[in-house]
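Chain naming follows the written order as A, B, C, D, E and F, and within any one chain the residues start at number 1.
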Amino acid sequence: MSSRVLIVGRFQPLHRGHMRVVSDIVRGSRSIILGIGSAQHSHTPENPFTAGERVEMATGALREGGVSDFYVVPIEDINEHGRWVAHVESLVPRFSSVATNNPLNQRLFKESGYEVVTTPLYDRARYSGTVIRRRMLRGRPWKALVPAAVARIIDEIDGVARLRQLAGKDV
Amino acid sequence: MSSRVLIVGRFQPLHRGHMRVVSDIVRGSRSIILGIGSAQHSHTPENPFTAGERVEMATGALREGGVSDFYVVPIEDINEHGRWVAHVESLVPRFSSVATNNPLNQRLFKESGYEVVTTPLYDRARYSGTVIRRRMLRGRPWKALVPAAVARIIDEIDGVARLRQLAGKDV
Amino acid sequence: MSSRVLIVGRFQPLHRGHMRVVSDIVRGSRSIILGIGSAQHSHTPENPFTAGERVEMATGALREGGVSDFYVVPIEDINEHGRWVAHVESLVPRFSSVATNNPLNQRLFKESGYEVVTTPLYDRARYSGTVIRRRMLRGRPWKALVPAAVARIIDEIDGVARLRQLAGKDV
Amino acid sequence: MSSRVLIVGRFQPLHRGHMRVVSDIVRGSRSIILGIGSAQHSHTPENPFTAGERVEMATGALREGGVSDFYVVPIEDINEHGRWVAHVESLVPRFSSVATNNPLNQRLFKESGYEVVTTPLYDRARYSGTVIRRRMLRGRPWKALVPAAVARIIDEIDGVARLRQLAGKDV
Amino acid sequence: MSSRVLIVGRFQPLHRGHMRVVSDIVRGSRSIILGIGSAQHSHTPENPFTAGERVEMATGALREGGVSDFYVVPIEDINEHGRWVAHVESLVPRFSSVATNNPLNQRLFKESGYEVVTTPLYDRARYSGTVIRRRMLRGRPWKALVPAAVARIIDEIDGVARLRQLAGKDV
Amino acid sequence: MSSRVLIVGRFQPLHRGHMRVVSDIVRGSRSIILGIGSAQHSHTPENPFTAGERVEMATGALREGGVSDFYVVPIEDINEHGRWVAHVESLVPRFSSVATNNPLNQRLFKESGYEVVTTPLYDRARYSGTVIRRRMLRGRPWKALVPAAVARIIDEIDGVARLRQLAGKDV
């Protein structure tokens, strides 16, 4: 347990930038927990995919990447920051450190005694959920930016058409 | 996807009876989702373990049992049955059938168009969460009734002492 | 507005005893609001029907009974009695009195300044939701106890089979 | 049931543009359900009226318009789109199609198998809740834009003064 | 801060037994926090008084008892024990120990690293909320069992009549 | 009771402008209730302090100012304005008037029959939570703007560093 690392993100969708962070952690022989944040949100232009779809995508991507010691857990937002760490702790396996670049998460987990590490960003101009969703909306190529399992599931659920309709585009 | 099966239970804790049901499903070459129900409950005599602890136990047991194609997802209760199926659907990967002996779940998933199958019960006098928690409270042997990974995690989190204290027993 | 009367009940299902109360109120040339209480509950042996089904049944029964000046509004429970009256006031049209035999509602609406009237009970051994659901479960006649519109809708939604399955009976 | 149509709106307040849509539906001999959305909101510049006030206004307008086969049901927002259709289904009578111009509702009801129809907009420069509330704030005429029953109730509840105070205007 | 003690109770109503516990703590020159638990409940036979009424009673009693260094804070229940300590911490001033005889609170605060002390019970046959409410219902003397400030406020809010009506007694 | 005054604010943090309003009320020999609004929020740039920290600061400031007849009560937001007054009433001691400059609170408490008074603003360019938080972020002096007890507690909880980290500043 002592070397298990938690990462929390919305993963709308999970992309190759995320996978690089995962690889760095796993290379250190550490177990990893992917917390699927904002789990209650879906069907909006910023959050097109449901928590269940994101669990399926993340699990597929981790298996595809040869990672075996992982957990994928949806986490609903609570808007009471004073209880956020306890909320996360109650939902995921035990962990000892948190990888995050978000100032709020950095502060809250540090106040609760966790080791907090920042993660390097890999080519944010390409590997970013915002960029990928924008490419989907504009009909530009996006599949090379995500693991193959993610692209396959988005196809199966007709995800690009959903996103375009939610954004008020003709389908 | 078409052969993925959902099982929902509280898994307080997961025991060898659950593992028999899992084995039957997996033997049919099917993928499995364990929905950890009543995820918000913990620290009571009936629900001693947190969702996170139960995710960790279930994952450990499935790996120990050689199962590889699985998902373990905590699911909070909602007390509005008319929305239960939609709640579950939004949190877990796609599935086509539900294995349950609970009349309410049988009715709700059937009304929503899912295949519902009943599961055989394996020696309920021994393989039951209620029985196992009672044995823990009375100081009687219980480890043979659960997978080794489950027993190990309960030891690590000092689970029997927690249960005894919650039940008002001297520790 | 000054002569509008609120009645709150679960209406699982609405029966001829309820209709007698409604008739007494309407005969006084008064407008009536039926608040469908515990709106969030359905699919249990005590609350088999959804709020929407109960809205449809109640509306059908009132039209069948020749009542024209009515409102039917689902009201979810809140478990904070200090806010109950404000919750109801925010959801239904203005009213001046409340017809109820429930001590809690009598107290809460009286503390908020409403006129509270008790309603006579018509043959409780027959006209009671509990009695009617029990007859459904046991396969005994029940349709004469409810307005024709209610019986028709229960048939259309296969309500008796649902109730029997929820109660763990063979269907 | 097979020809019942659901319309969801905030109706702050219901205006003659809404009534045109209702007339078109009713002319097709169809039953109609008005879902009063954002039911929990009131007393803001964008949502001045309570759900109960809006139920009263809508019912008055439909009766005034000679419509008889209708339902008016308040629906609170839930911010979990994956459960929105189930939420609506649990609160209103059965329906077969949904009249909406909102992309999110179009997507969600279509994914759940409902017929979705768009509604023509009647002179949006005049018949719009935003326009009507702005006219109220600026002291300009607005009553011709809403059914008489709506104007009468707004007067009775002193609605314009409320709106002006909420917007920080002198009353 | 290091010597501030938290006591959580429902205080329905606060009685002389509670005041003995308070006196013992205050005599040790320590600051005290009274957490008014189940704050959302009122108007039931077991929880007749609102949180606000209980804040007023407790404050009056502490002042009457000559206590000056105190805090009285309502705390709503959350039914997720894994988050209970964080919930309490976010609502009350900093504290270092908890006085409680409740096994659940003992376990939860101990797991979070607080000093937990048990409190002696003073003549439970008389000094108990249950006993006092029962005496009120039966019309027997109860004022000697509570601080004068508590008795005065219960009189002012007509609390005994409320309790009797809620229990279905003639008033 | 008849002269008790309620003030609701976020008090992020309580400052000398608030204390002037309190002094004016207390000088009229009236009792005062400080409702700590948005109690559930903390750890954001606009709401850095928890409800508990704000209760501790406010109580310290009132004692420091020689005020003795006061109540300090955290109040969580509810986003249903139609129930706001009932929510507040259920949480705080009885009161007869409300001091507020907020149009919404003015409207809601007036509709519920309370006396509503506006409060003079004391040098808003200096005495404002926004101004004080901005000074903290920029490393400029702020302690003279708040009561000594407030400054002391902010120091003890390392509040300025928390605020700077939440705002994404180097600490």
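We adopt the following convention: a residue touches a chain if its C-beta (ideal position, glycine included) is under 8 Å from a C-beta of that chain, and two chains touch if they have at least 3 such contacts.
Since we're looking at a predicted model, the values are computed, not measured.
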{"item": "Partner chains that chain B and chain F have in common", "value": "A, C, D, E"}
{"item": "Pair joined by the larger number of C-beta contacts - C-F, B-E", "value": "B-E"}
{"item": "Where chain A and chain F are represented by their mean Cα positions, the distance between them in whole Å", "value": "38"}
{"item": "Cα-centroid distance, chain E relative to chain F, in whole angstrom", "value": "25"}
{"item": "Chain A and chain C: spacing of chain centres that average the CA atoms, whole Å", "value": "47"}
{"item": "Residues of chain F whose C-beta touches two or more other chains", "value": "40, 42, 50-51, 80, 82, 89-90"}
{"item": "Set of all touching chain pairs, with the criterion as stated earlier", "value": "A-B, A-D, A-E, A-F, B-C, B-D, B-E, C-D, C-E, C-F, D-F, E-F"}
{"item": "Contacting residues of chain F [partner chain E, same complex]", "value": "1, 39-40, 42, 50-53, 55-56, 59, 71-74, 76, 89-94, 156-157"}
{"item": "Complex contact set, residues of chain D against chain B", "value": "80, 82-83, 85-87, 89-90"}
{"item": "Of chain E, residues touching chain C in the complex", "value": "40-44, 50-51, 162, 165-168"}
{"item": "Complex contacts: residues of chain D adjacent to chain A", "value": "79-82, 103-104, 106-108, 111"}
